Every structure is written in structure tokens, then in C-alpha cells.
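For reference, the structures are reproduced in the following blocks.
The following pair of complexes shares a single chain, subunit A, combined with subunit B in the former and subunit C in the latter.
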Partner chain A sequence: MLDLSLLVQYGPALLRGFGVTILCWGAGCLIGMVLGFILMLLRQIPVKPLRWVIRAYIEVIRGTPFLIQLFLLYSGGPSIGLRLEATAAGILGLGIYGSAYFAEIFRAGYQAVPKGQVEAALSLGMSYGSILRRVIVPAMLVSTIPSIVNMMAILTKETVVLSIITVPELMYEMQTMAAETFATFETIVGMALFYWLLVEVVSRLGRRLEARVTRFLTHASPQGSSTQTATARA
Partner chain B sequence: MDRGFAGIEGPSMKFSVIIDALPHLLGAAVTTVWVSLLGVLLGQVIGLAVCVARQSGGRAADMAGGVYVSFFRGVPLLIQLLLIYYMLPLIGIDVPPLVASIAALGLASGAYVSEIYRGALNAVPHGQSEAALALGFPDRSIWTRILLPQAFRISVPALVNELILLLKASSLISVVGVAELTRTSQTISAANYRPLEIYLAAGVIYLAINGALALFGTLVERRLQQA
Partner chain C sequence: MTTVSETATSPHSAMAGDAAPMVSIRGVSKSFGTNEVLRDIDLTVNKSEVVCLIGPSGSGKSTLLRCVNFLEVYDRGEIRIEGKLVGYTEETPRRRLSNRDLRSLRRNVGMVFQQFNLWPHMTALENVAEALVQVRGMDKAAAGAHARRMLDRVGLAAKADSYPARLSGGQQQRVAIARVIAMEPHLMLFDEPTSALDPELVGEVLQVMRDLAADGMTMVVVTHEMGFAANVADKVAFLDHGRIAAFGTPREVFHESTEPRVQQFLQTYHERNSF
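Up next, the complex of A and B:
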């Protein structure tokens, strides 16, 4: 199978590629979540045209392939003066792609916060800012964390698509190695196994985080019932 | 120079290129649609087989099915595609990229579909198959007459969603050179240096197809609810 000396020779490049993968993934997730959160907040403003615009944005992003969005950003961008380096375009692309999905996740979370809690906070004289920070966001985080983790795992897989616009991430480096060594098949098998492991690790870590964030559910209740809801998801 | 930011002459957007390219793009969109449909069809068959095997085929079948589902849901589609594209020739099957692509889409979709069916089967009350067993139904008819028809109806929304996801995922088969919508857009924009317009047009076409599919899904759902 795979000649081990190849790994020594290409090890540094692969490690660098993995670093770029993690960077794109982390930055993409962050941008996606921040944008998604802002979109969710803007959607709460009762101005119809604004809502339509946001709705249209979300539908367009969710209705078109990620690859087309990337091409539009990376190849089409220069036509309107947006010149981005491949990696920057990749990160921004991941962020924009993720933002539509995160916006929907957050919206569901926002709607799931019991109205009475917000009303109680209002009647206590809390400002909207602190209601958001102390009441809504914590409750939202608990109910949406499984979806957030799921989306982050999906974005892990989407990072390989960045190789198509020549972002020097792991997939790109591995394809370079495959092309130079003719060990195409071994490389792809190795890559498949590696990504399988990576996505599994991300999901496992996500489940841990989930258990950590929802831990109070098991502590707050006397016994039994809510313990089950917390563990049932894991 | 006040316009033409990227050193392109003339105004920065030119919609006439879209009209020129439209016949090619629409032709390619047809390829995208039928490749995705074939992929979904294959995925249905595989997904159903895996689901039934996991439920009624004993421990080994369940474990093998579990590994299949985990692998095809955990590995990025692009890698699966390359894996199949390079693996089939190695075991002596020399297939055109199109066939490899449909196989990859079908295998990936099968993993998701088998989980959709599993969820739907769980939603069919257990008492029904017990009652059928008590009435002396053979295993086969329990599946074909009681479980699957109901599971199918329950899973329609998820299956339509799966079709939309697969249609979007089919853009990745451009990588192995299948001349579907994404690949054709690439080719055209490489020739006329108008990537913005061409990819916008491609995006609109994808959006329109997905919108139509979603509408179709709603209609089918409504129809099944009446029945």
C-alpha cells in the first residue's frame, strides 16, 4: 500500500494543509454564526421589506450549491471589484453559506424561548440588551446546541470543496501529493479514512459540549425525567 | 477608467452574455436533473435494502449496514466521488465518469435514505406488525403490505428534501468532468471571461429547479394526506 517514505516527504505539506482546513473551518463557522445571529435579530424587526430581503437571502443560499456560491465569490467577485485570495474567498464563502443555516437554527431557538420569561424580564425593567444576553441567548443555546453541532460537522465536510477553488487545505495538498506520486488510490483511501475520523471526532466533541451545556438540566431537576431528555440526545 | 474593475473592458455587468449562454446552460441543467434523479432512484433502492437488512437481517447485517451509513454520511461527498471514480477501474470496471458519478450520488444518498426509512418505520405503531404476526401474516407481507406503505408516506417530506440536497450536491460531479450545469458554467465562463454573469445564471437555474421540486413535494404530500 502506501509507501511510508512518502508520508515523511509530504508530511509537512499535509500538516500545513490540515492547519488551513482547521482555520477555514473555524473561521467559517465563526463568521457563519455571527452573521446568522445578526440575521436572526434583524428578522425580529417588524419591517416587512427587511424581512423579505432576509428571507430571500436565506432561500437563495440554501437553494443553490455551495460550489456555485464559491465560484461566484472567487471568480465572479473581481468583476464587481471584490478581489479575494483563494483562502479568504473560501473562508468568506463558508461563512456566508453557514450563515443562512445558522440563521434558521437561531430563529427556531429564539421562537422556542418561552414568552413568559421575556415578559417577566420586561416587567422587571430589564433592557432589551440584557434580556437578550441574560435570558434569550442562554435559553437558545441550550435548545439549539444539537443543531449547531450538526451544522458544524456539515461544514467540516464542506471544507474539502474549497480545494476546487485552490485553497491549499488538506484535500488540495493530498491531491497534489497524489498527482506527483501517482499513488492516487492510496491517497484517496487515506483521505476518506481521515475525514471519516475527523467528522466523527467533531461530532463526539460536539456531543460532549452538548452534555456540558445541558448539564444543569440534570442537576436542576429533582430526579429522573429531565436526566433522560439530556442523555437521550447524546 | 471608471468602470470595468477587473480590467475587463466595458461595463462590469453584461446580461447579453447570459442570453447567449442560456441554451447551453439549460441543456446542462437537464443533465443535472436526470443525473440527480437517477442518483436518488439508486439511493432509494440501496437505502430501502439497507434499512430492511438492518431491521430483519440479524446482527452482522445490522453492523455492516451501520458501517455503510456511518462511512457515507461521515466522508465528504467529493472524496466518495473520487474514491469511486478511481476505484472502479482498479477492480477492472472501466466506467465513464457519468456512471461513476451516479453511483457515488446513489451510494451517498442511500445512506441518508436508509436512516429516513428507519425513522419512518419507527413511527409506524409497533402493535400493527404484532397484530399482523398474530393474524399469521408471513414476514414478507408484513413488510410489503403494512410497514413499507406507511413508512413511505411518512417519509415523503424527508425524501423530497433529500432530492433537493442531492441536486445541489450533484454540482460536485463537475470535478470528474461530467458536463452538468456547474461544469458547463465553468467552461462557458472560461471562454467568455464573464464568470459573474454565468454563475449568477447557473445559480438562478439551480434555485428554480429546487423551487419546482419543493412545490412538487408539497403537492405530493397534500395528495398523500387526502388518500
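Up next, the complex of A and C:
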């Protein structure tokens, strides 16, 4: 019989695990995006060896299972002097894994920025830093938000792998519960519920974000009001 | 128009002084691979002059224009703006200008593009104010007020808070012109400014350009609008296969030129526009 009272009994542990999952996911996404953005920028520099190194990095990360990367970092790390606590290793691992995918997403976004918008900024004497911040990144956001949100949703599910290196996240707590009570079915139901909830929240937020950054395509003016009021203000 | 404080002029430009023409192009050549798009171009544009570059597509007129603010790199010869060498240092062998020096040169040279190239995520006002803040270092309020006056000058004060997607092509191009004149350039480059517009919207953009010319702006205009070239330009340069095949006043080029390529080009133009 399905005994959902188990989920209540193990509630605090599960919620703690859920918290760790969200922490690892959030921090991992952040690191992944920052690293990915830096990789994308470095790739624009016309130095061939640098480009090869970055490409090799991306291909290796995308071409090997996340589990193996995580083992290498956590178990292999100490042999090169990199001694990380499980959660830190998990976050860094997720970040590195995500960075390769984010780098590709950003590269596509960068290439999709209309050249003329950059030329207009150059011809006005704007610096590359200003152009990046004020012209390129906003244009990139528009084309890449769906892919970014998609990757973030994928990463929520990759967090389960962290349980293998004993990060006390949701999967780990669930397995503990299953081992102590033999309630396999309840465990699976509980897990599905939590991850579904997380992915749902992520994609909802993603949709709102997308609407926010593409507002200029659908609204007449920043206030979202009609041009009449804008005229009155002017 | 409010005056924004002038930047310190370098010793070199001070030396060149008022005597130097606004633009001086000497022996400029450029190749894309084996394809020579500009061949030994000589052209002088004096202060407050309007010079139109005309010619068949692929003749190199847009490339020449883009070399003037170094959006396109020229291989040989030299281009000077108010005496200052564009894109390169004065030493021999010349090196590329640093990005900083290139930027300070470009801020005095405005460019209007065929595709307007407004930033779609900014309102008309924000488009005009952006470079005032980022390049001129004005504070936001002052930049906004100045931008509003520029929009007023092109007749678009009412559209200040509209995003480009909500503006017609003609309005977008006028915003693009306001964005350039807000920087108070010494020279404006127009790269086929009306070619992407529906015919009924061409007039409003040309009117703004006429007003600028009347105010004494120095302009180099790549255009297919022969009427504008004939009525507004001080000089017309006809380009063909990367060379200037004819140069002179509109009358000299359009009516007195015996150059067969000019004749042929104008013939094609007349046929296309009379039905």
C-alpha cells in the first residue's frame, strides 16, 4: 500500500535535501553561465590556439557523461591537490558541465546579433565594453532566453547525479528514506513530485523572463501604454 | 542646439587647422581577396559641402564611404579627416590606430545606414541619448533633454517613447539621423539612407537631409536619388568599377559629362523611372 505518511515523517530531511538541490542547481547554473559567457568572449579573440583549446574543452565536456566528470573532480581532484568537500565539488561540477552548453548557446546568440547594430555603435565612438553591455547582451538575451531556460531545466535533473558523491541533496535523502523504510514506491512518487515542481517553476519563470526581455516587440512604449499617453508625456 | 564641450584637440589637428579640408582622400585602394573594389581614389570634401557618390551597384561607393570612418579597412593611400589620418598612425611603416584613438576620431564622424540600425530594445529617445551618456559622459537627465531636442529637430518629439518596431521606416531613419546629430559631428556619412524605404517615405528623410545641408553640415551621401544629388549636392562623384569616372558639380556630371559610362548609367536610371 502507498503510505504517504512516510513523506511527512521524513519531511524535514526531504525539505533539507530539496534546499541543497536548489542551492547546487542555482549556484551551478550561475557558475555555468558566467564561465560559458567568458568562454564565448574568449572564442571571439582571433588567436587560433586559444580557439582550439576552448573548442576541445567544450567537446570533451559535452562528449563525456556528467557522472564521469564528477568522479574525476571529486575522486581524482585530490591527486592534483584539488580537495573539495562533496557539495562544493557538486556545485563546481555542475558549473563546469553547464559552461560548455551555455558557451554554445551564447555563441549562437552572439552571432545572431545584427552586425549593423554593432556598426552603428562603433560609428558613434562607443567602446567595445559599452557595446557589449548596452547593445550585444540585450540583443543576445532575446534570442537565447528559451535555450537558457531549457538548459537550466536540464540541469535541475542533473543534480540527482550529485547524490553519488554523497552531496546531501534530495535524491540522497530520498535514498536514505528508501533504505531505512523499504518504501521504494513512496520514494519514487515523492521524488517525481519535487522535481516536477522545480522544473515547472523554472519554466514558468523562464516564460515571464522571455516576455520581459521581448517587451519592446509587443509594446508601444516602456510603460506598456498606448502611444497616445506617450505623446501626452512628450 | 546646446553645445557640448569640445574635446582637447591633439597637437596634430591643431597644426592642420582650418586650412585642411574636411575629408581628403588620396590614392586609396582596397581589395577583397583578388577583387579590387577601390582603385586609386582621390576625393576632397570641403567644410559645409555636400558630396554625393553615385554609380551602379558594386562600383565601390559604399565601400569608399565605410573607409572614411574605418568601418572598412583600406589597404593603400590615405584618408584624412580635418588633417588627421584615418585608421593609422603617422609613422612609417604605419600601424593601426589604437581603439581609443579610433573612437575619438569616430565621435566627430556620424554615419547613417541603409538599414537604420536602431537598437530595437531602446525607445527612440534612449537610442538618441545612449551615445551621449556612453561616449560624451553626459548625465542621464541632460542626455535625455538633449535627445528630446534632437528628436524635435527631425519632427519626432511625439515618438520619443516609442520602440523602433512601432515606427515606420521613414521615422526610424529620422531617429537614426537624430542619434547622429546629437553627437554634433563635424561630418556626416549617409550610406543609401533612403534605399530601404517605401517610396512614399523617402521624401521625409530627404527633407531632413536638406535641412542639415542648409544648416551647413558637411555631408558625404551615397545615393540613388538623382533628384537629391542634382538639387542639393555641391559635388557629385560618379564611381564605376572602383574608380571615380566623373567628378564635378551636378551640372557638370549630369549634363555636361561626355563620359560614356555616366551617359549609360543615367540612361538606365531614366528608363527605370519613366513608365
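One rule holds for everything that comes next: the second predicted complex is superposed on the first by the 211 of 234 C-alpha atoms of A that agree within 3 Å, B and C clash if a C-alpha of one lies under 4 Å from a C-alpha of the other, contacts with A are read in each partner's own complex, and residues count from 1 in each chain.
Throughout what follows, contacts are C-beta pairs under 8 Å (C-beta built on N, C-alpha and C of every residue); 3 or more make two chains touch, one makes a residue touch a chain.
This is a predicted model, so every value here is computed, not measured.
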Exercise. With the two complexes superposed on chain A, say which partner A:G76 touches: subunit B (first), subunit C (second), both, or neither.
Key: first
Exercise. Mind working out whether A:L205 is in touch with subunit B, subunit C, both or neither, as first, second, both or neither?
Key: neither
Exercise. Applying the touch criterion given at the start, work out whether A:V53 contacts subunit B, subunit C, both or neither, answering first, second, both or neither.
Key: neither
Practice problem: In the overlay, answer first, second, both or neither for which of subunit B and subunit C A:M126 touches. | Solution: second
Quiz prompt | subunit B-facing residues of subunit A, complex | solution = 59-60, 63-69, 71-72, 75-81, 83, 157-161, 163-164, 171, 184-185, 188-189, 191-192, 195-196, 199-200
Self-check item: Touching residues on subunit B, where the partner in the complex is subunit A
Solution: 5-6, 8, 12-13, 70-71, 74-80, 82-83, 86-87, 90, 164, 168-172, 174-175, 182, 185-186, 189, 194-197, 199-200, 202-203, 206-207, 210-211
Quiz prompt | Contacting residues of subunit C [partner subunit A, same complex] | solution = 69, 71, 99, 103-104, 106-107, 109-111, 113, 115, 117-123, 130-131, 134-135, 148, 157-166, 176, 179-180, 183
Self-check item: Residues of subunit A that touch subunit C when the two form their complex
Solution: 114, 116-117, 119-128, 130, 134-135, 138-139, 142, 213, 216-217, 219-223, 227, 230-231, 233-234
